[in-house]
Structures are given as C-alpha cells and as structure tokens.
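Sharing a structure, written as structure tokens. Questions coming.
Letters A, B, C, D and E name the chains as they come in the text, with residue numbers starting at 1 for each one.
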Amino acid sequence: MLNYIGRRLLQLIPVLLGMTFIVFLIIRAIPGDPAQVILGQQATEAAVQALRESLGLDNPWYVQYVHYLGDLLRGDLGTSMRTREAISSEIWPYLAATIELAFCAMVLAIIIGVNAGIISAWFQNSWFDYTAMVLALIGVSMPIFWLGLMFQWGFSIQLDWLPTSGREDARNPVEPITHLYLIDTLVQGRFDQFVEVLKHLILPALALATIPMAIIARMTRSSMLEVMRSDYIRTARAKGQKTFLVVYKHALKNAIIPVLTVIGLQTGLLLGGAILTETIFSWPGVGRYIYDAIGFRDYPVIQAGILIIAFLFILINLIVDILYSFVDKRIKYN
Amino acid sequence: GGSDDKSSGDNKDNNSSGDGGGTLIFGRGGDSVSLDPITVTDGESFAVTQNIFETLIRFGEQDTTLQPGLAKEWKVSDDGLTYTFTLQEGVKFHDGTDFNADAVVKNFERWMNGNAEKFPYYQSMFGGFKGEKSAVIKDVKADGASTVIITLNDPQAPFLKNLAMSPFGIASPTAFEKEGDKFGDNPVGTGPFKFVSWKRNDSVTVEKNADYWKEGLPKMDQVVFKSIPDNSARLNALKTGEIDLATGISPSDSASIEADKNLQLIERPSLNVGYLGMTVTRKPFDDKRVRQAVNYAIDKEALVNAFYEGKADIASNPMPPAVSGFNEEISAYPYDPEKAKKLLKEAGYDGKEIELWAMPVPRPYMPDGQKIAEAIQKNLEDVGMKSKIVTYEWATYLEKAAKGEADAFLLGWTGDNGDADNFLYTLLDESNIGSNNYTYFKNSETHKLLLEAQKETDEEKRNELYKKAQEIFHDEAPWVPLAYSTPLLAGKSTIKNFHPHPTGSDIFDTIEVN
Amino acid sequence: MKKELLNVIELETTFFTDDGPVKAVDGVSFSLYEGEILGVVGESGCGKSVTSLSIMGLIPSPPGKITGGEIMYKEQDLTTFSQKAMRKIRGKDIAMIFQEPMTSLNPLFTIGNQLTEAISIHHKDWPKKQIRARAIEMMTLVGLPRAEELFKDYPHQLSGGMRQRVMIAMALVCDPNILIADEPTTALDVTIQAQILALMKDLNRRLNTAVMMITHDLGVVAETCERVVVMYGGKIVEEGLVDEIFKSPQHPYTQGLIQSIPDMRYKKQRLYAIPGNVPKPGSVVQGCRFAARCEFAFERCTIEEPELYVVSPQHKSRCFLSEEGMRNERAVIES
Amino acid sequence: MATEQTLTEVKTNEAGPWRDAWRSFKKSKISLIGAGIVLLFIILAILAPLIAPQGINEQNLTERLQPPSADHWFGTDDFGRDIFSRVLYGARISLWVGFFSVIGSIVVGSLLGILAGYYGRWVDTIISRIFDIMLAFPSILLAISIVAVLGPSLQNALIAIAIVNIPNFGRLIRSKVLSIKQEEYITSAKAIGMKDTRILFRHILPNSMAPVIVQGTLAIATAIIEAAALGFLGLGAQAPTPEWGKMLADARVYLVNAPWTMIFPGIAIMLTVLGFNLMGDGLLDALDPKMKN
Amino acid sequence: MSEPLLKVEGLKKYFPIQAGLITHTVGQVKAVDDVSFDVYEGETLGIVGESGCGKSTTGRMLMRLLEPTAGRITFSGREISELSNKELRAVRRDIQMVFQDPYASLNPRHTIGKILEEPLIVHGIGNAKERKARVLSLLNTVGLSDFHAKRYPHQFSGGQRQRVGIARALMTNPKLVIADEPVSALDVSVQAQVLNLMQDLQRDFKLTYIFIAHDLGVVRHISNRVGVMYLGHIVELAGSESLYEEPLHPYTQALLAAVPIPDPDFKREAELIKGDIPSPSNPPSGCTFHTRCPFKMDICTQQEPIFKEVKPGHSVACHLYNDAHHNDIKQSN
C-alpha cells in the first residue's frame, strides 16, 4: 500500500515537471508585456524598461525557467506582479473559496447523482428511470454558464430567494479563520452566518454540480446495470437477500469503482469549470484569480494558479486510485 | 489581514438608524491591488485609499479645482520653484501618530527614494526620483511643526493638481516604517475611515474614524467595498439589496434603474473622452481627407444614444469640457455620409479593407467597445469602407496599438488630474509616440504650442495655447472624438449626499443612508 | 416411491426481446423427488438455466417472464409468489449454485462475510457466534481446509475449485431441501471436476438434499445422477432413469447425443454426428423441433408436435416413434 | 442457381457490421431523436441564408431589445438585430467549430495514438506522458491558456479546443490498438503470415473506428459547449459574429430587461449539444456496446 | 522411422512478472519449461492438460507467434527460431493454426470471403479470379455454401465459424496444422461434426495435426500419439493406445480417472487426486506434480525427473520409472 502510494508519487514527478514546463511555455508565449501592464497606460517607456529588468523579464527564457523551478522547489510560487505579494501567502483565500464551492458541488453531485443512478438501474425502464436519464442527458448538455445565469434570473431576481453573488452577506461578514466559511462560521458558532454562507453557496454549487451530477448518474446507472447482471448478484439474490441490500450492499460496492474514476475526473474538471461559475456568481475563487491574472499579465499568478489546479487534479485522482484499493482488495499494487 | 475585529460579531444591524450611521455596501468592478496608494496605479485601489488617506491638497467636491486638504494653505514663489504649505493642526493618524510637517517630509522622502517599479505614479507625475535629472521635486523640508517647503528643479504648471492626486495620500510614518512592504495590507492614514479588513478579490471593509478632524464626518459607521466584477451581476446585487451603491452601471441599464422607485441613478461628472483613433502612419489614414471622411461617416449621435443611452455628450475635442482650456467654438463633424464618400473619392481611397480594433474591456468612456465597433463598422460600410473588427486581450491591445499596428482603434482617456496637458500633450504630442500617442500623430505646430503651455503659469494664456492646438487637431483629424461620457452609478433611493467625483475616486465622508 | 418435492408443470418462460418474444422454456414438466439427484442435460441454449432460474424466481425481468405453468413446492405454486415470499424460499428451501465459481462470488466481500450473510438472512435471531460457527462447520464439511483463515480471504485469493466449494457451502448452509446446481463443474478442470462431483454426491447422501444437476456433459450425468431429463430447444424430449436412458435411448436426439461423444476408453473409428445446428432459441418450428436434424423424420414430424409418450413407467420420450403403436415400426426403421 | 444466388446476395449484403449498427441505432428512439435534432440544426445551418428573416448584421437601432413577436420570433438584441436570424447563423458557427475541432483532434490524436500503441516502448512512454500531462490540466483551463497565447478569435478557440481534445483521442486509439493487438483475429492474421503494416491498416485501424466515431460524436457536443464558453468569456468568436456563447455574453447585461436575448441562444446551445449527446449514446450502443464502461 | 516434420527441443517460455517502485522483473511464469517432442508427417499429435499448463503457449511458439525463451524448433529441416521475419512469413504458409474461439479469431468487420482470401493475398498466391475460385472450393470442402462467402462472422453458428477457421487454415495448402482447442467451444453434437471434418481433411489433404485439447476423450479419438502436459512440462508422451490403456505417469493416471464416463455401468477404480494445480509462477521444486502425487518419494521434492523413453514409443518424466536416477545424480555432481 505505502509502496504503491510511493510509486504513484514517484510517477508524478515527470508529469509535474512536464506540467511546470508546459505552463511556463504557455505563459511566456502569451503576447503582451507585463511591465507595461503593471505600470498602465500612462507609464513612460523608461519606467517600463526598468521594471522589466527588475522582474527578470529580459533574461532568456531558459534562465527564467530554471529560476522558476528553483523557486518552486523551495515552495516559492513567486510573487504577484500586481500586488507584489508572495503568491503562496495570498492564494489560500481564493483557493479556499474554490475548494468550498467545488466540494459542495461535488457532494451535491455525488449524493444526487449516485442515488439517481442506483434507483434508475434498480427500476430500469420505469418512469423514474426515464425521467432521471432524460434529465441527466439534458444536464450533460447544459452550458453551465447559461444555466447559472438562468438560476440567477429565476431564483435571485424573479423570486428573490437566494443572493445573486458573493460568498457572504457583506453586512454580516464572516471573520475568516480557515477561509472555508462553512467551517469558520461553525467554529465561531455563528449559525446566522452559516445559513447565509449556505444560501450563497446553493446556486453556484448547483450550477457547478449539474454536469458532474448528470455524468455520475449515468455512469452509476450503467455500471449498476452491468453489475446487476453479474453472477454474484444472482448469487446474493439466490440466498434470499433483500433487494435493497442486494442493490446497496452487493451491487453498489462493485459498481462504484468506475464511478469513482468519474468522480475523480469530474472533480478536476469542476475545478477548471469553476472559472465560469465564479465569473457569473462573482465568487472570489482561484478561477477568477487566474482569469484576472491573465488580463493583467501577472505571469507568476497564472503559472501558480494553473499549476495548483492541475496539481489538485492529480492529487484527487491519486486519492481516488488509493480509494480503489480500499474498495477492491483485488487490485494489487505490487 | 486586519486584526481589529470589533466590527464583526454582534452588529447585525442594518443601516436604518435615522441620523446616518450603519453600513454602506459599495459594489464595484474589481478588487484593489494594494491599499498603499503610492504603489498602485489603478482606480479600484484609489477608490479605497481615498477614504483612508488624505492628500495635502484635495480636489473640489465634484470638480478638479484645488481645495485645502491636509494643507490649510499654500504659496508659490514667483519663479514657480518653491511651494510653501501650511498644515492642518491637531490631526492624528489612525494609529495615533501625530500628523505634522515631519510626517509629510517622511512621506516625501519615502517616495523620492523609491523607484519606478515601487512608486510608478511618482515617476510619471514628478518626472523621476531623488538625484535623477528628470526629477521635478528637488527637495522637501519641514519648517517648524506645521510648515512644509517643497523646492522644484523646474517649474511644473500642473504641480499642485498632481499633488492632489490620490497616490500622494499622506501615510502614517510609524506604520509604513514598521510594516515596510506589508503596508499595503495594513494602511494607516488620516482619512475619514479606518482600515478594518481585506478579503482578497471580495471585499475591503473600512470603519468610521471616530477622531476624524472634520467635525461630524463621516456619517457612515462602516463602508464595505465589495468587488463584483460583472456589471450585470453587480446591478442584480443592487436590486436584491445585497449592496447599496454600485459603480460601473452600464448605460443600457439606466432606464430600468430610473424606473425602479427603490433605486436612483447617479451621474459622475465626466472627465474623459472616448475616441476612434486612426494611425496616421498607416494607409489609408495617412491622408487627412480619409480621416476627415471617417469623421463625417460616423453617426455619433446614434452611437451616443444607443450605447451610452444618452448618458454622454457628443465629443468635439480631444478633451472634455470640464477641463479648462476647452475650445467651445469647435463643433463636432456632422454626420454626412455623402461628404464622406466625396472625400474618400478625392483621396483616391482604394476600397482596401481596414482593421477596426475594438476594445475588449468596458471602460467608462467606452461602455462596450465591441458594440460601438459594430456600429461604426456599419457606418463605414455605408460610405464604402470595409472593415474587419479585431480585438485583442486588453494588455495586448494597448501594446500593439502603441506599436502603431492598428489601422483604426477605439480607445479613450480619463484625466488623472483634470489638466489639459494631461489630455492634449499626453495623447497627441509627438514625444508620446510609442506610448500614449497611439495614432502616431505628429505636428510641429501643436508640439510647439503644447510645450509652451507646460511652462506657462498664467491660466489665461495657457488656455489660449490649448485652444489653438485643438483647432489644429480638429482639422488634422487624427481622431474621431466620440463621446464625453458621464459614468453612471446607481444606489438605493435612500442614499443622500453622495457626490461622485469626476476622477472616479469618491470620498464617502458625507454620504448617508436613511 | 420417494416423496415428490418439486413439481414443475407445463412451465413456459418467455423473453420479450427487441426481436420479438423468445420462448426459452416451452412447456416443461418434471418432478424432483426427495434425496435424488436429477440430471438435466442438453446443449447450450436449450433452456436449462432458464428453467432453473424460473424455479428460483430469478428470471431477469425485464425482459424475461414466466408466461405459463406452475411450479409446485410444498403444495404451493411458486409462480404466484411475491418477490418477498420468494426470498423466504430462496436459500432456505431451494438453494442454487452456478456455473462460474469465478464470478459467482462477490469480489469485494470476504468469504466469511458472504457465508454468514447467507445464514443471517434466514436466521435473523441467531447470535453472531452461532452464525460464524455454522459457517465454519459448513466450510469444513465441503472440504475447505483452514476454514478459519479462509474466512478472512477474498474470493480472488482462492482457486476455482475452492470457490466452487465455497459456493456449495453457501448453498447448503441453511439446510435447503433442494439444491439446483447449474453446470457446477463446467468451468473447472477435470481433476477438480471429479472432486466437486464426488463432494456433491457425498453431500447428497449425507444431507439428503435433492439435487437438480444441470449439465451438458453426459458423462457427468452417468456418474452422478439417478434420473435424467433431456432438453432440446426449450422442451423436454426424453426423461427417465439414467440406466435406461443410456442403455435404450428412445429419442433420436438422445441417441445421437450419446453416440456423438468420443469415449475415452476405446477408439471409435468415426463419430456419429447429428447433422445441422442447434436451433436458434425462439425460432418457431412447426411439428417436432428436432425433425430438421433427425434421421428418422417422416412427414408427420414436420406437421404435428409429438407429446411425451410413456415408454416405460419411469421413461418418457417426445417422439412419434415412441408412441404406443409406433414401436414396431420403429424397430423396422432401425434395423 | 443464378437467381437464387443473387437473391441471397442481396439479402446478405444488408448485413455488414455497419448495417447492423445502423439497424440497432434505428431501433433506439432516443438516438433517433438525437440524430433528428442534429440533422435539423445542420439543415438550419445550411439553409440559414434562405430561412433567416434578416441578415445577421442588419442593425436597426430604433428596434432595440424588442420582445419576441411575429416579426421577430426570438425578439431583437441591443442593435435591433433579429435574434432568430442570428441564432440560425450561430448554428453554422457552432457546428463548424464542433466538427472541425474534433476532426483536428481525431487526426492528430489518432496519429499519436497509433504510434504509441503500435510501436510501444519509448515512443509510447513519451507520447503517453505528454497525454498525461495535458490531461492533468482541466480542459477549459488549458483551452483558455492556449487562447491567451494565440489571441481571442473563433479560429483560435477552435484550435485550442482541438488541442485540448487530442489526448482523449490519442489515448482511446492507443488503448484500442493495444487491446485489438491482443485479439485472436490479429494473432490469426499473424499466423497466416501477414505483415505488420497490413495488420495495422486492414485489421487494427478499421476495428478502432467505432469507438472513435462514438467518442467523436460526443466530443463534438463538448467542443460546442467549450467554444461557447470561450465565446462567453470573450476569448472565442468576436463581434459581430453571431456565435452563441458570444451572443450570451453580449446579452448578459439584459438578463433582467430582455431575458429573451439570453434564453434563445442558450437553448440553441443546449439543444444542439443534447442532439449530439443523444446521437453519441445511440452510436455507443449500436457500434460498440462493449465500450460502455 | 523417417525424419520428423517438426522437431521441438528444449522449448521454454518464461513470462516475466513485473512489479516494484520502478518496474522491474520480480519473477517468472514458467508457462512452458523444457518441452521436447517430434511430429511426424501425416500423424496427429494430441496435447492434453488442464488449464494453464502451457498448451496454447507451446502451440503459439511453434509458429513463433510468441518468441521462445529458449529451445529449438525445426520444421522440415529449417530452424524456425532463427528465421528472419520475411522467411518466417514464408514458413507460415506451411504451418497454419486453428483457434479455440472461432468467433474471436475472425475479424468481425470482414466477410467470410475476404477472411478466406486474405492468406492468399498475403502470400501472393493466384490472381483475383483464381483466389475466388479457391475460396469457394474450400468453402464447399468444409461443408459451407458459396453464398456464405458474402456473410459476416456473426451471422454464423459456432460450428460454422469453426469450419471457416479450418478453411482459412487450409487456404495456403499447409503441411502442418496446429489446432488449439478447436472444439472446446462447440456443442457436443456439433463437436462431432467438426472432428469428423478434421479427420476427413487430414486424409484428403495429407495433413499433419498438432491437436491441443483438454478433453481426453476427444484427444484419444483424433490422435495417433498424445502428450500430457502439467505445469509447463510434458510428463508423458506415447501412442494414444498405449497412453490410455497403460498410463505410466501418476498424473496421467489421475487425469484419466477423473474423466466422467458416459456409461452408468462404469465403475471408477482409481482414487481421485487431491488438491489444486499450483501456480506456474511459483512451481513446486523437483517434480512439479509431487504436491498432488499419491506415490510421492523423497527424491520427487528435490530433483526434477528426466523425460525419457521407458518403453518403445512411450516416454515419461517420473522418478518411479527412473531406475538409473541414482546414476544421474552422480553425473550431475
């Protein structure tokens, strides 16, 4: 087990290295002079040149890359060109916002998706199955940025049930500790704020959850159907086991394995897709952070942001792989 | 972040206390970059620092006239090289440090010993840093506790206006000496509000400075600067009551706001101009007649009505009327497609398709570059000029335009300090080719006029020089000036005494919410 | 005469597929007696598994459905039982083991878990200890060594033979009256098959469980069963005591089948081969299903469907040649 | 004999693997609906100039933001342009982007996949690693980065989407090649003395096509959404192109006052994507039932 | 006796087992371990054994579909293991193979006609017309009709598919046909048809067969000589009469005893053997059968028995028949 994790971590090294290189290349290839951007429209040429030098932008790219790698190894993600803050120290609140959003979305997607999939498979060809699967197909086909706007239009503007944007009620701001507001408010015993935070989470999380939810539901269903046809399910039924237990004990555990992969993949995609949701709901997350940084040519921030998301993505998939081995003892990692 | 947490916690009150007080949630388009004003150049940062810091001289409530700030009064020597400021007394910084001449000198010393990267605005407004030849300020000295003397190397006509700009807010020396580079996270000034906390990309919270030196101000207990990047999301938040006041209202929404009795539309006096620039070094715009033809071809009125929703005036000059020196005698080219066609024919325009660059980001002077470009495209097509709309990401856009790569491009300018020089010289003088003179326009006459005006301290004479220059610009037509827009804000109808400032950085000392 | 445990009467099971309904089992009737081992033999697709799954009420539905007949057990018709009632029967009264020991055990649960589950379903009141003891007792009974250790193992850690033993243990753990074994040894190697067959015979004798042994291997039938039912195309074509069926098979299909197997004990010069192919299930045929491949077919065979004629008290055959009056004729044809 | 023979031939000709796939595809109502939707949009796209009541760029500033009416079925936008016409033309753009970006990824992906799968060893290691790295980035993020480099335009969005999808197809083909290499009919082809290249092109590739077609159809759906997302973020099509995502971005401001400017392009995206998804699902069942999981 | 058509000496195939932090070989599956036998023209050599004993691996190595780890394979006097790819393809004209799963071994996207024609195209035999004629003639030979050429594999029954598989193997007029469990997947009644067909073809085309199967009855029926494999070794090889009547190796005896006989009167005499087949990745020391052998002696656990002829035409690898094993030990020391 440890051996396996160790091996997977070792295997990550070339991928991570490749990732840093690709990110670095892409960022360098973006046209535009960050120095000019930092100083703005009214800056003089001399000032721009001076800034360029002091940022090391006039070094050849490989020198910049080596410096960059060296810094990364020291845990230094660089300094934002715009705010002049160390990215490693300023990124957490953004990341926390995204993580909180993504986590809630994923929890929603998993709970609803998996159960809808199970029930659809259990009552195959029933009206529930048809409805759920049609909804799932529509869900997969949904442009979430549009869906998000429609939610906003419907639930915030027309019905005025839920807030349109942000993470908290600005009149009653959360005192951040971990920057995961659900946790922070609970720790401080501020249930009024907790409810506010939840209210702010609902729409973006729902929008973000739509696609993974649909995909998970479909995957669970087909995986369940496959498993339900298998011999050991027949065995369980031949023992006289209750259908509920056959489904939720015997079948689910087997069917969940491919679903786990999908969950892992979708979590990563969701982190990327958050950029759209964050735009629509003014969510101060890492997606916006990167997107804004692109606008400002804030190289170090773009690099660090993309790298961190990609790293999280890899990490999640690693965790999923490890989860497998807990679910399925057959998977021998040696 | 701020360690001062008495604001959070138990104040669940809303802002309905009769005599002001309460919290104002101000929704805006972006987050601050830093809260140390001298280090930044962006309006969103200034919007906050304006309320925490004060400058020696401040602008008028809604114009760019010079008013006493932290300096009660000032004198200029005849040669224009020595400025003597008398400071307000009894003012304290938020951290308790006394505000006095010493503090002012320390601020100037901090700035003068910096560099272009750290303090970009100091460089661009005052020419350079200590010891540099181009530096405007020679030195700054305290004369007693409440007098400061600033000596210049060369006279600078807009010097006082420059000093009134937000970056030159006076900070507590104790604090910036202690915090160093982190001062931007923990700003301490003398302003009406004290810094409380900053949630990146989300909100900055400031609270009432109870010891503010202006009696009875500020009215609000707390102001939250909330960033909601998306215009429509911001408006939605206003409508649902999540915020009280919103900037960056798109003109297209003005009608619906005016119709809503819970909301009011607030206009910010204009200090900007939006224009279509034509790069005079590129065909076909190297021919004056073609440029004039384009001026005739564009239906500015329709544009202003459609995309500024009437919240703008048709522009006739490269600077807005609020700036002294504006030439009222010049009127904009009328919409005359026939004339345009004729001029094009005269010029022998070959029908070559041009690239029409559209701004990728909204700015007050250009609420929707894409759409305006589309409309212009149509206008040009009507007179036989084919164009292709091109856009780049904002930074690239500016950079490429500065390199003279655009045929025709949309752009605009918001004045920094309300001086004509800041428009005409910056945008159209040959010495700014490659930076802000994107049209590459070059004219020996205007060059002479503008340089002369920089040295001229007599207001009348100076204005004459600028008016003359504007005539030449009108005739040479490197631009199609499109509009002087009044940027819009919207707020709850309960908001009172809010006077948005043309520079875009508002001080919330007088604002009240009932 | 032994007591009749199970009586299947005119069972008809249909699959409603996209290509129309397929009658996989078409009017099958037979009885299973106490303590006996009944062989059900036939080539693939003839409906053996569907018959057994019908008895268990485990026909995958949709698309399958019992469309006719009765399955009488303890004077009740199982086809009328609800799923809930059926669950009480399954495992406790009628147990089943399957062809693929590799896939019939849930790969994600330990052997112990699956065995004890089988017990606790029907003995909810038993304490954990008792359940465990019973499971281990059963494992020992089916010849699984180191039962205690195996208890914690996962199926993939066991060999095919051991897994089939686990399956048998699981089936017998609640003392069922009937054990349906659907090709329990087909996937196993010969040496292992011999062990499992021996085990089943032994258990049948010791526990007096009636076994319905489904197989396509006549060798297995000859070795283990007392009575046998031969199926072809969803129907029973011949039924009788093993001795009789092997010595004097009545139906041409049974005859062909027996002759077409190479015998290991001596060398046949040339095998008898039934011409043609096993019919596609669901193909509608007029008359006798086997007529197209039958050497002895005559006109009547293609028009009219023969019934199960009684040849001797325990021996029936679905062939006109077995009809009372035809016996003599048959002798003529055969000679 | 001749006549009987030809009769049987005619009948048996109907039964190739593709025919079978078509038959089972036809059987599924859902996939037919999907194909119907796709076909409808294709027809609309082709006939857009004929059907559209107005040109895509016919501005009429006096008729801005009109709600749906008999004249303007979907209402008008802020230029007074007919949204229905623009949505119709938008179909051209979305289908074009979807189709060609996927073709691009299939071509490049297949090439790399075949190289990796067939030659194995270090070729495989390098190509697979590159795929791993690319897949480690959430696709929309990668696409945004690529567009940031190339500059925002429809064409660059198409290229970015194509690049982002390459590893998906590459991996698919690679795994297909690897698994088909193990199939017994490949062994039997080797056993009759067939050359490797012939095996690759006559046996392995044709048998890998089914999943590529399925994946391709589904990828078109994703590509359409991704293109719209980029357009929405201002990184794809530029004004006045009536690209759906771009139309949504332009219409956001009118969410409250003129919701129809948002609703119709959104529905158009959803329907087209749904069509391709349904069709892909049907194809999956018809062409490659084994691939389902 | 004449020269053998195929001579196999010391054939081995070890599959590496890979694992570890940085993948490396941690062990081997000894799928085939030192197998030697001859095949004579016109005969059928049967190979039996339980699953995983290495039958298929052996068959595949004979055609070099798998590269042997060691050993020599000589076909018609040519060393197959040393041929270049080009020469090898030519040899594959003379050696053909029939596979166990008749469905999996036919490309589902090709018609039967195309499948059958392909060997001819590959070897450049005949022009289009001649090829077509040959396809039709062979179709008829294996009992199918002309119109079947236009059909696809999935439209056939298992037996018919296996006929196609056989027809394909015969397209190039091979000398040797290796049939790997050609009837295991078939129904009993159809199995007899295919066995008969194979016998007829052998007679008509003067074929030599290597017939791999696990059904002892089938092997006896079709083979002249039979080799019994256990865990990668051939433990006994003899004429089928001799092998079935007087099996020498305890494993052969156990195997024969385990086969159910379709005769209710038959009474089993021999004891059943106990235990499972060990894993080929970790075979027992000495004689690999010793874990299950009722006659196990001390030497069996230590020393591998030598495969040798103990009676004319009857070879066995068992210490029971090795009087000279003491000498052998001395020699090896």
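Following the convention adopted for this analysis, a contact is a pair of C-beta atoms (placed from the backbone, for glycine too) under 8 Å apart; a residue touches a chain by one contact, two chains touch by 3 or more.
Only a predicted model underlies this, so the values are computations on that prediction, with no experimental measurement involved.
K.L.:
By that same contact rule, can you tell me which chains touch chain A and chain B alike?
P.N.:
Output, common partners of chain A and chain B: D.
K.L.:
Any idea whether B-D or A-D has more C-beta pairs in contact?
P.N.:
Per the contact counts, A-D leads.
K.L.:
Using the average of all C-alpha atoms in each chain as its centre, how far is it in Å between chain B and chain E?
P.N.:
89
K.L.:
Chain A to chain C: how many Å between their CA centres?
P.N.:
53
K.L.:
When the centre of a chain is set as the mean of its C-alpha atoms, what distance in Å lies between chain D and chain E?
P.N.:
49
K.L.:
Give the residues of chain B touching no fewer than two other chains, as numbers and ranges.
P.N.:
Only 230, 236, 239, 392-393, 396 qualify.
K.L.:
Considering only the defined contacts, which chain D positions touch chain A in the complex?
P.N.:
129-130, 132-134, 136-142, 144-146, 148-149, 151, 221, 225, 228-229, 232-233, 245, 248, 252, 255-256, 259, 262-263, 266, 269-271, 273-274, 276-278, 281, 292-293
K.L.:
Residue numbers of chain E touching chain C in their complex, please.
P.N.:
Touching chain C from chain E are residues 50-51, 157, 159-160, 187-193, 195-196, 199, 214-218, 220-222, 240-241, 244, 254-266, 268, 272-274, 276-277.
K.L.:
So in the complex, which bits of chain D are touching chain B?
P.N.:
Contacts found on chain D: 57, 59, 61, 64, 78-79, 148, 151-152, 234, 238-240, 250, 252-257.
K.L.:
In the complex, go through chain A and note every residue touching chain D.
P.N.:
Chain A reaches chain D through residues 14-15, 18-19, 22-23, 26-27, 29-31, 137-138, 140-143, 145-146, 149-150, 152-153, 157, 222-223, 226, 258, 268-273, 275-276, 279, 290-291, 294, 302, 306, 309-310, 313-314.
K.L.:
Report the residues of chain D in contact with chain E in the complex, numbered from low to high.
P.N.:
My answer: residues 5, 8-9, 12-13, 15-17, 20, 183-185, 187-195, 198, 203, 206-207.
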